[in-house]
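Each chain gets a letter, A, B, C and D, in the order it is written, and its residues are counted from 1.
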């Protein structure tokens, strides 16, 4: 199967390219880049010298649609919403790594993204691609809204407990920590080495675009409206996200109950590893891989559940989950092209 | 005034030595080290070559007490509690950077430290050295229990609001992030570069020794028992602590109220800088200095207050605050030997 | 084919395990660890949870030899020299990642390693496993002395020019920079995060064990005795080695000559990428992969050639090259189980 | 004495501001910034909140010259050469941290800087401000060309040996490693955290502007033309430079000779610390301070001298040395406002 990437110069694209190179069934034949049209991919990313010597090209949807079956959007916000309809019209499956199709409510999109929402018809068609949770819907879709990085770690950490009604939905506090690559390859003081090394920075308090995304999914799973408090932080490392999630336990739930619930919930999901009681995952333990590792702690003294959920923000939080969704859509084994151990140390 | 440091090979000692070297009124004349007795300080810490060429010596309390007026304990837990009584007997002021005298309740100490508590008589005499809050008590004491690093950042962040009754005491969640130097100079996989670089690690959930310390002080200030949820994390940097603190606002308090409360509360305290509305401090902005910077965010949507408090864990979180307490005890200007800007970048 | 690793708790073992997990023809069935006998590999390395749930065992050479065909030694110096003879006696191929069999001269070994050399008979049988250069010898051997990390980067960088006689052998200066993982997982202040972060350290000037290894191979290739000046440095990162190599050009060689020589020399070697004129490789561009990337610069003004050679010290500098040698020995494609792109960023 | 800084938003300015804040005799009264005219310094650099609340202003040389006695240029290349003449005309002492007045030869400047040189009259007046070496000249000057960061570390490392004729001038190879702050605060992929973390990058081989600067001074001290080979590298840390310098010893010089030469040469220079035999300095040991630490290694086997010289690139390599020069010019103690220990760890 032949696939294309649109948005060839960002970190999303480079991870897609890496995993596609190792994929048994999909072949990357086209990389679209507006700004680097004509340049070889390996010139922008010299680590791909001899590995991916593909010139990047400009976008021509009709022509491209004749040669490929699936397209990944690794574009900033507000681009895919314009292009997806035409690709769907040409029967090309779309996996969108941007936020354009994640929010079902146009008002929410307009409020949090401060831009016009995608056409409502396509919003309705889009499937939220949290692979472990919405696998059945994903199998049938032509348009994936691939989840954000923080929501992926957070939702996989919360859904078992919230579905079960074991935590109070409005007590949820999410303290997120991301490596700097989460801010992309664009230039700003926020990604300047001398400013970010030996530094921690909290940002966008109460204003991050991932808040409505988390609330939408949690609301669905809890069967009631959910409001979360979320503080993202940048920490001085390149890759990795940890979300430390706090919630009030609603009854007399103990460590063993929680442990069993999660282990059972995820037992058939190869990319979610629930850690044993007393063991918490670290971000390095999923580096470069598609795993989401979850640790659980019930504090009897305070009646709170703390969930520690880690992913590689560029893999399970972006490109890896996109590949996983491509696998599900095509009926391939979910782990195809993704079954590589984390790199450690 | 002549002073000594006990515990000469740890990071507490090295920062004490740095600030004492720059101090206008105090002179460091003795460094006690059990393990490095006889070795020059600059041999253990070559950055002090030519600056502090002092041989470290073994401890002889009576002899030492004749030559010095004040002693800093930069020792691990369970050492100062044995030595302080004898120094006090010789009328030497003691500033203890370890946790031995921080908890007023022997039971609490024994539960959280898993070791016998200090003699109750001396526990009663000890003054908790959170300089900005207990300045009057500090002026009169001979024994300072210098606060822990996480409690310093957390308590300075919470006390204005909790004294005022604006937040619900039992809703408090503290997400702490520390640089690796917080774990000291001792060797373990937790401080191994290859294990900690590009990594975040949550640890001691619900079990950290700083929990009872925070609860003791918050309880006093709130006039009711307080239980907090606290999760410490190690992030890949050397220095700095950020505590991100979440609490439910108890009434219709808005951003402006909180902002004014804090600015007024700290206006005469040179080392606490309350940031303007919309501005959050980062750890690098206090690097190497005795500042505690505080940012405040009221989320109207969720009714929560988020407080971001940052310190240099080795300065305001340890040696710097110890010097500040020495200044207060001696009636010197609070900023003596501490009025140096942070190092940036 | 079934293989074993001896020395299961170090970074060599973990990278061997990662690549063997992805290998199409070899299966890792046994991990020997003296210190962790009985413990599961994933307990020591939680990132391998669910991926490699293999209990580590004690060494029993006769029994082990019945179940495996090849053994990797990921042991410290002075262990394999005792064990290799017995494995060879049982007809098990040995790939030794330690230095025990690298030096042909027992005197050199004893001088630089300050320990008795391996039995001369086995030293004579050992093949130096610099895959690109000694492929023909490797095909026929039962005992590989896998090259050191610095020698791998250095020798691949120097051999084309030195074979050709284009540089003066005794003018060679090698300035090496390694990530901290090069020092292994053992504990010492040299690998303490707070000591090594924001730091560069030069070490073992004129005394590093890799000096005689480089000189032995360069001497062979130059057909004359060669003495090099080598200064290794630790820089604050986990993985990667860069060697910056300086040599006097012996005639009127220009950039184009050198460029062509290297491109031709390595054109059939998939893991050596000679960069185009004016382009220098960085360590991150080979991160996690088996590539050695080489950049070349002729300075007409000074008549010197500067060679910049980079590898991932744990892959091409250790485990990856060991797998490459296993592939060659077994007549498999050289890239089997190794054809993964570098991870970037 | 009142002083001004021109170029208020770069890292040079921020370090000048830090040291001036702590200076006993000089007061920083004006910060000139073209791009941030009107903005408070602490708004650009929040770590200076409450410490330096000075609005930045536009440049008006005649007005400024009435209020200050000395001006620091912390500007990019090609700015001070236009402004210095007018300041000198108004009798304001100029200390220029840029490269505009470092090269005596206009042709050299034009070749290496690819821009027109400063007016020859002023080039002739400029004194090269390598404080330890040219102290007598500095005392009498009104215009300091403050040395570059690499030249400072390199020249202090080489001058004792080259003056003495103990090394062959044209054998000198300088392998430089700098922290990322050396590239300034401007935005580019070279200072992007995700690109530079876990990375080493060699750059500007044979083309760095600091080459003619080093050669000019070494030529003067050697009394013959000198050509050096210099390769700068960026390593993943914020501050610090190490230059590892290699040279052929010209006679039968041993470790003890070299050691004595350097110790004697620098014995009255408070900021140069020659390390004892067998001890090499690391960059962290001078962090934040004005020290230059030097380690020496004679390799008898190869007849080479290796010199390891470290500085903080923003202090001794820029702002600190500028302050030191101001002290010398004004007849103050050389260490005034600079006698602070390095920050460690």
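Keep in mind that, in the parts below, a contact is a pair of C-beta atoms (placed from the backbone, for glycine too) under 8 Å apart; a residue touches a chain by one contact, two chains touch by 3 or more.
This structure is a prediction, so every number in the text was calculated from the model and none was measured.
*Asks:* In the touch network of chains, how many steps separate chain B from chain D on the shortest route?
*Replies:* Minimal hop count between chain B and chain D: 1.
*Asks:* Which chain has its C-alpha centroid at the greatest distance from the C-alpha centroid of chain B?
*Replies:* Relative to chain B, the chain with the farthest C-alpha centre is C.
*Asks:* Report the inter-chain centroid distance for chain B and chain C in whole angstrom, where each centroid is the mean of the CA atoms.
*Replies:* Distance between chain centres, rounded to whole Å: 46 Å.
*Asks:* Between chain C and chain D, what is the separation of their C-alpha centroids in Å?
*Replies:* Result: the chain centres lie 39 Å from each other.
*Asks:* Determine the centre-to-centre distance between chain A and chain C, using the mean Cα coordinates as centres, and give it in whole Å.
*Replies:* Their C-alpha centroids are separated by 36 Å.
*Asks:* For chain B, give me the residues that contact two or more of the other chains.
*Replies:* 11, 179, 181, 185, 194-195, 197-198, 236-239, 284, 287, 345
*Asks:* Which of the residues in chain D come into contact with chain B in the complex?
*Replies:* Counting only chain D, the residues touching chain B are 11, 14, 17-18, 21-22, 45-52, 181, 185, 197-198, 238-239, 270, 273, 275, 279, 281, 284-289, 293, 340-345.
*Asks:* Which of the residues in chain A come into contact with chain B in the complex?
*Replies:* Going through chain A, the ones touching chain B are 170, 173, 175, 177, 179, 194-195, 197-203, 205-206, 227-229, 231, 233, 235-240, 242, 244, 246, 280, 282-284, 287, 295, 297, 299, 301-302, 304, 306, 308, 310, 345.
*Asks:* Which residues of chain B touch chain C in the complex?
*Replies:* 11, 179-181, 185, 187-189, 191-198, 236-238
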